[in-house]
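So that you can tell them apart, the chains are marked A, B, C and D in the order they are listed, and the count of residues begins at 1 in each.
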Amino acid sequence: MAGKPSASIHELEKKIEELKALSRVDGIDLSDEISRLKAKLETLRTPTAPKELDDWERVKLARHPKRPFTLDYLEEIMDDFYELRGDRLYGDDRAIVTSLARFEGRTVVAIGNQKGRTAEENRERNFGMSHPEGYRKALRAMKLAERFQFPIVSFIDTPGAYPGIASEERHIGGALAQNIYEMFQLPVPIVVAILGEGGSGGALGIGVGDRVLMMENAIYSVISPEGCAAILWRDRAKAPDAARALQVTAERLRELKVIDEIIPEPPGGAQSDYEAAAQSLKGALLRNLEEIESFDTMEMLQMRRQKFQTMGVYEELVEAVEPPASSRGR
Amino acid sequence: MAGKPSASIHELEKKIEELKALSRVDGIDLSDEISRLKAKLETLRTPTAPKELDDWERVKLARHPKRPFTLDYLEEIMDDFYELRGDRLYGDDRAIVTSLARFEGRTVVAIGNQKGRTAEENRERNFGMSHPEGYRKALRAMKLAERFQFPIVSFIDTPGAYPGIASEERHIGGALAQNIYEMFQLPVPIVVAILGEGGSGGALGIGVGDRVLMMENAIYSVISPEGCAAILWRDRAKAPDAARALQVTAERLRELKVIDEIIPEPPGGAQSDYEAAAQSLKGALLRNLEEIESFDTMEMLQMRRQKFQTMGVYEELVEAVEPPASSRGR
Amino acid sequence: MALFRSKKYFKVGLDEKRREEDVLWLKCKACGQLVFKKRVEQNRNICPKCGEYFFLTARERIKLLVDAGSFEDISRPISAKDPLRFVGAKPYTQSLKEAQEETGLLNEIIVGSATIEDAPVILAVMDFRFIGGSMGSVMGEQICHGIRTAARLRRPFILVSATGGARMQEGILSLMQMAKTASARWLLEEARVPFLSVMTYPTTAGVEASIASLGDVAIAERGALIGFAGPRVIKETINQELPADFQTDRFALKHGIVDQVVRREGLREEIARILRFFVSSRNSGGRNGR
Amino acid sequence: MALFRSKKYFKVGLDEKRREEDVLWLKCKACGQLVFKKRVEQNRNICPKCGEYFFLTARERIKLLVDAGSFEDISRPISAKDPLRFVGAKPYTQSLKEAQEETGLLNEIIVGSATIEDAPVILAVMDFRFIGGSMGSVMGEQICHGIRTAARLRRPFILVSATGGARMQEGILSLMQMAKTASARWLLEEARVPFLSVMTYPTTAGVEASIASLGDVAIAERGALIGFAGPRVIKETINQELPADFQTDRFALKHGIVDQVVRREGLREEIARILRFFVSSRNSGGRNGR
């Protein structure tokens, strides 16, 4: 896999275990070799200690090109997946991947933003920034999920929807609005996981779910720190300040109740061990999916709407006098 | 109204009545004037006797640029109409008109192909040939009808969907297929009227309904006579032969049970008297709509599907042994 | 976010410095002429000299749209908090205070009930002066409150947008208002209550990409700016000039984004006309003939 | 309609004159080489010299796709009538008779039940040799029969298209088959039975604009031609050259019309793989782990 680190933490751990077993069974002295690997493992585990990273470093880590992307996770997590291409309207946007996938004994529709690593990949994937056709392809796949009652898993990793003339001509705002609206109506479980970069409306366009999970080092923001800095400070170099002001980290978003759960990454971050990161993600997805599957469909939709209905913080100036939303008539 | 004949049959008739009344009341001798008008009326009524036209002349009449088009009928028939523009995906195709309209005390969604008369109009209306965005606009309007339970009236008058690169790039075949499919699912009454030219898939793309009516001099065909001649005779000049072979007239289509009813046109054809043609259409629309409105929704959908399920003629080679479509299991 | 606070996009606005209560004359930025303030106001904030539209405040907009004396403010009694203790060029709390003082409004949106040519409606109208009419937690809740009320009373819901998008000073919470408002839209669908989206200058970013684009019918006021990404962002990305009509009302019409473009002078009548298609059909199956 | 009967579109076909039972060698029209007939047949009608695909008859296609010995022809016992007494260059009845004699088939489509890698399916496969695989009343009824059967038995429905479109010799009745087949598609949706549309060379006009474009999943065989209007018609209309990849498999993929392009050699496996996503999930909610 392009960009995957040569020796992952998981691989090293496995190798050490193998060597230990070998010494036990064959009586060979492998202690030097084992010590060397253990030292390497330590350095791999400690180069970055995410908890202590400042917000701007977190942004850079979330965008790190060696982090696993949607397709990397799909390969690790799914027993099989089959890509569904095209929106049947205009084109096939390669910056979003949609697929049928086998996930722990069930078929799901898996969708996700897809970035590239090489220049060529990024030309194809447009740096993970979709045009309207990408969001419409996602909606088509989600409607397929509805038809066959497949749960939906959605992976977010995008700087945002593509800001370009063609996007506007094909009504990107409408495509995002439509997806957000439709995701509230889909009578199948939806679990969203923010993998790396959760960029604004382009993230939310596939980001409505019964559960929204977030990788430990991912970010999720209404605007890029650079964009915010350009507007508020009129200076893109103030992006680190903007990153702090915007509060884009998983811990903070958990406190704001915008996400439900933080998915632990392996020490050093997901990029240091794809398999461990994927297993961590898989466990969280599965657990959440099973919880949602236990609800009745109407109850599930009601909870999904309620979840987003209660987001936001404002001050009540008088005692609440308004009748609750569910009551009818006067 | 551009192209409307200067003196319509209806207007002449009214004028004659007025003159007669005038002579009665004021005692003025207007018999010369009345005779002159009566003669004019006769010539207007007899220049073409549609029943005796051969099939190719019918084709030419159906395509006559002075025939009333969708917007002409909407103006005559509807108490008010408000155009809904755009497919919210790509563009606003001017070759199809969609609208909210007030029809005899109820709101309907009225859609229809729209041709132009002048060169400029035809540039705008693309000779009544739509790209995919036209069909998708129509579908959007029909979904609006579904949401508010408005009946749908659809007017057909097109040589066909536009055969061009852009049409294919945006999946015109898929747009037509989707519309045809969706029109079978819409839980509101649909009355279709073929006004002039019913051209192939481009007509059927807004042509599925509980009732399909046809103006007396309209045609409806799987392929244009010219296209058919080019393929079968390798000579477009054989179009008149093709027109005969294809059997595209209202009477023949009624016999083949493809249409439900022929709407009489004023003598000489719809182009000779817009108002009379419109009143004739209006009466037929209203009567059919009221009949459909009397059915329960499920019953209506079942009948709509059944209607098209039984179209076609083939030979049974053995006694029917297949269980009926409605029976289940083996 | 206040993407449109550059001079270029204020070109149709009034000269702010001169816009105080005691000023009798205003200078139009479009034609450069001095115009008598009262005349402008009587003329629906349209320049009597050149026909250019000036911004309407929310209250001015409401006055323009509804039957005289019919408006009742039903906004929820809430106001913005500062959940992120956001400090940009200045603290969010200061921006809020200044906006409140400048506009005399508590928030950037007013929700009310009124009649338009005798048809009862619920409407929500944004005020661009209030931090760019940007959508934070308060606007999200007010829009949902308007929708809930409209659904409950079965009255058409009208949203008049004048906004730069999400309010970045509330961070991710402002993004979530897109989801919150879009989820409430279902209540209208369920109750078969029509939703008319009126887009004015500007209707962009987070609002355009959520509730404003979900109308049953969408109309643009002449001169509207409608789009998702700001022109500056796009120019930076693609590094080339934008088409002259980019994100204008004509662009929106051409690209199938709105049903019609309407002149300010005819807006009230047009809305009333649209609503009649929905309202009079309530008692449907009726065949009251002509 | 037989829009594709020009030489250009037969370039990948076998030399028809030489294609009789007693011929041992065939000449490939793509590479011009003589190839041993049996080898071609064993090679899924792919030229062993240049890799070009030759047409597959319906029977050859079925053999290629389904598990050996699993196929059962369940086509309805019907055949075409001549409701219009259509006389073009020759009478329709004569075209039918010639097609029946040439192909040994009663109709232009075969409907059957079979298994594909052990998964039971209902499939309908067109034969292009039979009047261009065009859709008249018989094909319409056979497709609906296949759909009804698939819905009743809850087996995936697979449609393999090889068609020039509607059969104009049946006039308006052939157009109505688009509506007839599209209306039947609902039965699959209602029964939650998957519908896989396999588009081959060519899948065009009336069939492409109806049932073939309504699959849950759509795949194109490599080399497929997919489109609504024939290239000749378009060229006449726009009076300019068409792009090199126009209406090809790559064009369809790029423009979002199909999910994947699949090589003939891998078609059976690919279909089986796609079906497993639908079939194994039937007993869903299951968490049988790894």
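Definition applied: a contact is a pair of C-beta atoms (placed from the backbone, for glycine too) under 8 Å apart; a residue touches a chain by one contact, two chains touch by 3 or more.
A quick map from chain label to UniProt name: A, B = Acetyl-coenzyme A carboxylase carboxyl transferase subunit alpha; C, D = Acetyl-coenzyme A carboxylase carboxyl transferase subunit beta.
These numbers come from a predicted model, not from an experiment.
**Student:** Give the chain pair, either A-C or A-D, that is connected by more C-beta contacts.
**Tutor:** Between A-D and A-C, the larger count of C-beta pairs in contact belongs to A-C.
**Student:** Measuring between Cα centroids, which chain is at the maximum distance from chain D?
**Tutor:** C
**Student:** Taking each chain's centre as its mean C-alpha position, how far apart are chain A and chain D in Å?
**Tutor:** Each chain's C-alpha centroid was found; their separation is 40 Å.
**Student:** Provide the C-alpha centroid distance between chain A and chain C, rounded to the nearest whole angstrom.
**Tutor:** Centre-to-centre distance between chain A and chain C: 33 Å.
**Student:** Could you state the distance in Å from the CA-based centre of chain A to that of chain B?
**Tutor:** The separation of the two C-alpha centroids amounts to 51 Å.
**Student:** Residue numbers in chain B touching 2 or more other chains?
**Tutor:** 88-90, 169-171, 174, 178
**Student:** Any chance you could list the residues of chain D touching two or more other chains?
**Tutor:** In chain D, 213, 255-257 touch at least two other chains.
**Student:** If each chain is a node and each touching pair an edge, is that a line, ring, star, complete or other?
**Tutor:** Shape = other; not a path, cycle, star or full graph.
**Student:** When you check every pair of chains, which ones turn out to touch?
**Tutor:** Pairs flagged as touching, ordered by label: A-B, A-C, A-D, B-C, B-D.
**Student:** Help me check something: in the complex, which residues belonging to chain C touch chain A?
**Tutor:** It is residues 1-3, 5, 76-81, 83-84, 86-89, 136-138, 140-141, 144-145, 148, 152-153, 166, 168, 170-180, 182-187, 205-206, 208-214, 226-230, 233-234, 237-238, 242-243, 246-247, 251, 255-257 of chain C that touch chain A.
**Student:** Would you pull the chain C residues touching chain B in the complex into a rising list?
**Tutor:** 189, 192, 194, 213, 216-217, 253-260, 273-274, 276-278, 280-281, 284-290
**Student:** Help me check something: in the complex, which residues belonging to chain A touch chain B?
**Tutor:** 88-90, 132, 136, 169-171, 174-175, 178
**Student:** Of all residues in chain B, which touch chain D in the complex?
**Tutor:** So the residues of chain B in touch with chain D come to 161-165, 167-174, 176-178, 180-181, 184-185, 200-201, 204-205, 207-208, 220-223, 227-228, 231-234, 242, 245-248, 253, 256, 258, 304-305, 308-309, 311-318, 322, 325, 327-330.
**Student:** Which of the residues in chain A end up touching chain D in this complex?
**Tutor:** Against chain D, chain A makes touches at 79-80, 82-92, 100-102, 104-107, 133, 137, 144, 147-150, 290, 293.
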